[in-house]
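Two complexes, one shared chain (subunit A), two partners (subunit B, subunit C).
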Partner chain A sequence: MPVPVVDLSLLAPEIALAVLATAILILGLIVPKGSRFGLSWLAIVGLAGVLGITLAGWENQGTLYEGLFIVDQYAIFFKITFLVAAFLVALGSQRYIERIGDQSEYYSVLLFAALGMLVMASAGDFITLYLGLELMTIAFIILVCFNRTSARSLEAGIKYILLAGMSSAVLLYGLSLVYGLSGSVLIPEVAQAVARHPSPALILGMVMLVAGLGFKISAVPFHMWAPDIYEGAPTPITAFLAAGSKAASFAILLRIFVAALPGVWAYWTTLVAILAAVTIIVGNLVAIPQTNIKRLLAYSSIAQAGYILVGLVTAEATGVKAVMFYAFLYVFATVGAFTVASCFYSVTGSDEIKDYAGLSQRSPFMAAVMVVCMLSMAGIPPLAGFVGKFYLFATVVNDYLWLVFIGLVMSMVSVYYYLKVTLVMYRDEPVDNTPIKLSGPVAVTLLITMAATLLIGICPGPLSEAVNAAANTFFLH
Partner chain B sequence: MQIPVVKLIDPVTMLSIGPAHYVILSAVLFCIGLFGVLAKRNAIMVLICIELMLNAVNINLVAFSKYVTPADFIGQIFAIFVITVAAAEVGLGLAIIIAIYRNKVSVNLDDFDLLKW
Partner chain C sequence: MGEFPVLLTILLAPVAAALIMAFLPREEKLLIKCVAAAGTFTSMALAFYTYFTYDTGTGGVQFVQQIPWIKDLGVTFYLGVDGVSLPLMLLISILGFSAVFASWNVDHRPRDFFILLCLLITGVMGTFVTQDLFIFLLFYEMVVIPIYILIIIWGSTKRVTKEYAGMKLTIYLLIGSAFLLVGVVALFMKTAGILGAPDMSFAGLARAAKSLSQFDQIWMFAVMLFGFGSLISMWPFHSWSPDGYAGAPTAVSMIHAGVLKKIGGYGLIRIALYVLPVGAQFWAPVMAFLGVCGVVYAAMAALAQKDLKYIVGYSSVSHMGYVMLAVGSLSVIGLNGAIAYMFAHGIMAALFFSMIGFIYEKTHTRWVPDLGGLHRQIPKISAGFMLAALATLGLPGLISFIPEFTIFIAAFNKYGGLAVAAIAGVIVTALYALRAGAYALFGPPREEYDHLQDIKGPELVPLVVLGTVLVVGGLLPSLLFNVINCGTIPLMAEINAALQIGGKF
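Moving on to the complex of A and B:
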């Protein structure tokens, strides 16, 4: 029997990341406790290296293992998104993690979570999808309860593992039904089966699949876990959870449903439109009374998931492009806002919004980054979020005008609670007037997020072209 | 007037177990697990119920593998992956339960109320 030739260069980012994560885990056991700080630099430089490998492989596309693993520019674009998120989180969290636990364990598990996302972006069948999803989820559970001495962190961990376990069981049951009725686990073949004969049980399976992934993107009605876990988890992890895990789930949702769409068009579009509208409304309205910055950002990230869902309503080329564009810029806004929150917590030990009083005097840079990130999430021009929302809502303006209307009204509502934080930072007098000093890596992280948010907003052309190219490869299969 | 007797259970087909039996068993098991996850307050019981749901999936997968794609072993391989991942998940779950028990001396979900649900 001939041994199939595998082009390993397509797998280079995954292999490099797996080696890096394992190496850091092993080195963490060898290196004495005092000098493990260097391992965090190894992780950061390594992540930059993997990002370089992924960027270098932009033109290198193909399918591996008889369709199990798809490397197209769509997947590569999402991989770049995840790696940028992981890089920024790793860079911004050195000092924060130093105080609560072991550096090598943290960075190794963080890299494994990123690896799970990369696998998800390339998944061509349900087994690969499931493995990527669980690798990411299990790594995230460890990270959420990484602060073993904090009751809040542990509580967030146990809630996350029970709810994630339940959601993945529902997802798997859906997958098993879909497999049984279509006789295949390859996404294109399942899509053909759905298009040929959409039996009720097959639709049920697909709905359970959406429910499982809806949990990961924290779409209403599967959003209940998000605020608790976002509040309890260490803040850098919250940022990664909000940016990375959500983008990865959107990547796989798009891959499944754009392929399967012709068969379920009638059931699909209105359902997703309603889901998006409800998610936007609930996320934004519940964010208003929040007093904890992490809970506020958690509800705002639920609302952001609703905006991204708008791109899935039509699930054609323009929608795919809009989702990719928004997922990419959302990384910068989220990581920026959460890094400010984690920095503030490191100094003051508080996540309450009222303690942000006078931040503009204590650290003008931090306050500025927070404002830029929040206004980008609210969609104020000329920031990146405006362009992203424009692309998203442009896709549905012909068929679902009411959805555009809800989106606009709720964006205005979101400006209210974002500006409330801004007001506290700029208007109120600080109780404690000591300036907050930023460490070098954190300052670099904040600078990157702010610069990217401004740059994508002012000149979205290059990113938009890259997204166009990537989305077109997606429609070739 | 004679009422026609409908044979609900046909002894001949009942004797041979078919795919429908497996799917029904799996659906029942899944629902029991789901009920347990939602109703039980003990964290360990909830973990066990999640395992029930995952095993329902495994029954489905192996049954479909035999009846739908008997030529290849996709379903069986999938089931092995599910078992492996479930083991990792339960290991992690128990570790978290031990850590939280040290912290709170309780495994009752109602006691975990620092973060509002």
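Moving on to the complex of A and C:
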């Protein structure tokens, strides 16, 4: 029996990340407790290295293990997105984590979560998909309740276990139905089987798939867990959960629905359009009365998921491209906003919006980053979100004009609650006048998020060309 | 192209000033103000240069600069001005410069104030110097945030709180722009399908839009009319305007009433009318009707106000009604009148608001019955105020008379009865403008205001600059109309040509 030749260079990012995560875990056992801070730098530099490897492999595409593992530019682009998110979160959370737990555990689990996302992006069959998804989810369960002394964090962890378990069960049941009817777990083979005879049971399987992944992207009506868990989890984890896990789930949703099930897709466009509209409306409206910054950002991230869903409505290259573009810029806006919140919490111990009074005087930089990130989510030019929304809504304007109306009007509604935060930060006088000092790495994180949000907004050309190329490879399979 | 990028410099001079200010220590108040003044002065000087070197013989878009921007959206960073945009670009540069001096006494966080003001000026400027729809939108929505922050920090709370005023204004404009965006996204996708490649320049869109179906043109024009209409405070979407101005600090009222509103009128002409002529023809009577409603309603409302800022706020709603009427006439004369009137109104509204700002700063009230006879105590402010009031009622010899007259001619040709109603509005205008002057300035002087200092030094700049333009523009209207003609005649020719092919109403 011939031994299949495997081009390991295609797997370089995954291998490097796995080695890095394991190394940090082991080193954590060896290095004495007091001097583990250096491990966080190892994780950060290592992540930058993995990011470099991934970028270097941009042209290196192929399929491994008879289609189980696909490395196309689509997957590589999403990997870059996850790694950027992980890098920014790792850089911005050193001090925060130092106070609540062990550096080596935190960073190795964070890296495993990122590894799960990388695997998801490349999954060519349902088993690999599920492996990646569970790796990510289990890592997140640990991270969500990482603050062992906080009842809220533990509560959030328990909730996340229950809901993640439930969504996995639903997803698995859906997958098993699809497998039973098509006789294969490989996505292209499933596609052929589906195209031959779409049956009601298959449709049921698909419904369950949507529901399972709907939990992960916190689309309405599967969004109930998000605000509680976002509020309870340590803030850097919330950022990673909102940015990374959501982007990864979108990567796999696109892979399944656009690539695997084109035959049934026609039944789904209207459903996805309605799902997107409801998610946008509920997310934005419920965000308005929130008084806690993390809950506000949680609801706004639900709304953001709705916007990204708009790109899924048209199963075409333009839609895929818009989703990729938006997911990328969304990472910066989300991580930026949450990093400000986590920094602010480290100093003041509060997540209440009213305590942000006078932040513009205590730390003009933090206030500016918050405003830029939030307005990017609202889609105000010249920030990145504007171009992103333009791409998203341009894809549906011909067939679903009502969705464009809802989306754009609601995004202007979202400006209302973002501006309320701005109002508190800029108008009100601070109760406590001491300036907030930022540590170097956090300042760099914030600077990167703000600069990227501005740059992509003012000059989206290069990114959109890269995304174009990547989206086209997606349709080659 | 080795030419000096004059439009880019006009656009970026205030940004450069803002950047310099960001690095100055916040205690250097005078230096900060000087930097802001220098930045806006550079813009204004170059805008005048552009205005007077624009070749009216050749016409068309001049001072062009193009940098490819976003390829797959067909966006070019396309700068260029023609007869339609040139007067408005000049207007914002004049107002920007005057607004800096009208805010010379801002002492609360002046660095933040002037940085935001300079960004605001750039945003407004950007909408007038670009020939690309995407860049236009970029600049247009960019102004919303500086305005909001300026109002909530430096605004004043009288009848409504400044937070309410700021939020109301922002939400109105954003909802309007959301509708506008729907129209733009749809227009973009449909024209990209027609042309085969996306193109966001006004000319490219207009060319492609000729093949749009009549229905598409009509609904797209409707959403744009709503978007631009709420920006120009078209009745019945005007209610943000008086509240917003009342809450805003002087400089914001000046720039907002003076030019920002005009982006609505400019957008209607440059984008809605030019790109979607068939839609325009369908909606023209509606525009004219709503315009006249605005003229009459807002003039009556102004009559009932006792707060100076509300009087001017309603008066500007009423005046924008004339612009809507003129645009609705769909004729060269009408468009000439609309653009010239927007310029004239910008100057006089800014003068009005800056003088009211000084009165409020010195007396701490804007309530007409409390002011008495200020003309003895602060004669220069009073002179400026009366100049603005007389221009508001369209006194011959001042800048607003000829444009107003032109609008009436155009409107009368097309809509006889409506024009009569609009002309009747002039009488009401005279009534409230003169009454405000009489009760605030020429009543019995009040003792408590005897010690007031009249404006002097830098505070005089808005009066001198705006007053000069007001008089010179009135005496030499050809300065304005020669340039505008170069823009409107070809514009109208294209519209008529498009209507000949597609229109069959």
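Note that in this section the second predicted complex is superposed on the first by the 473 of 477 C-alpha atoms of A that agree within 3 Å, B and C clash if a C-alpha of one lies under 4 Å from a C-alpha of the other, contacts with A are read in each partner's own complex, and residues count from 1 in each chain.
As a working rule, a residue touches a chain if its C-beta (ideal position, glycine included) is under 8 Å from a C-beta of that chain, and two chains touch if they have at least 3 such contacts.
Remember, predicted model here, so these are calculated numbers, not experimental data.
In the superposition on chain A, A:W41 contacts neither subunit B nor subunit C.
Look at A:Y345: by the touch rule set out above, it reaches neither subunit B nor subunit C. Residue contacts after overlaying the shared chain place A:K159 against subunit B, while subunit C stays out of touching range.
In the superposed pair of complexes, A:W58 makes contact with neither subunit B nor subunit C. In the superposed pair of complexes, A:F365 makes contact with neither subunit B nor subunit C.
In the superposition on chain A, A:F405 contacts subunit C only, with no contact to subunit B. Applying the stated touch rule to the two superposed structures, the subunit B and subunit C interfaces on subunit A have no residue in common. The touching residues of subunit A, when paired with subunit B in their complex, are 126-127, 130-131, 134, 138, 141-142, 145, 148, 151-152, 154-159, 161-162, 165-166, 169-170, 172-173, 175-177, 179-180, 183-185, 224, 227-228, 231-232. Contact residues on subunit C toward subunit A in their complex (touch as defined above): 68-73, 137-139, 141-142, 144-145, 148-149, 152-153, 163, 167, 170-171, 174-175, 177-179, 181-182, 185-186, 188-190. Here subunit A touches subunit C in the complex through residues 371, 375, 380-382, 386-387, 390, 393-394, 397-398, 401, 404-405, 408-409, 411-412, 415-416, 419, 422-423, 426-427, 459-461, 464-465, 468, going by the rule given at the top. For subunit B in complex with subunit A, the touching residues are 23, 26, 30, 33-34, 37, 43, 46-47, 50, 53-54, 56-57, 60-61, 63-64, 68-69, 74-75, 77-78, 81-82, 85, 88-89, 92-93, 96-97, 99-100, 103-104, 109, 112, 114-117.
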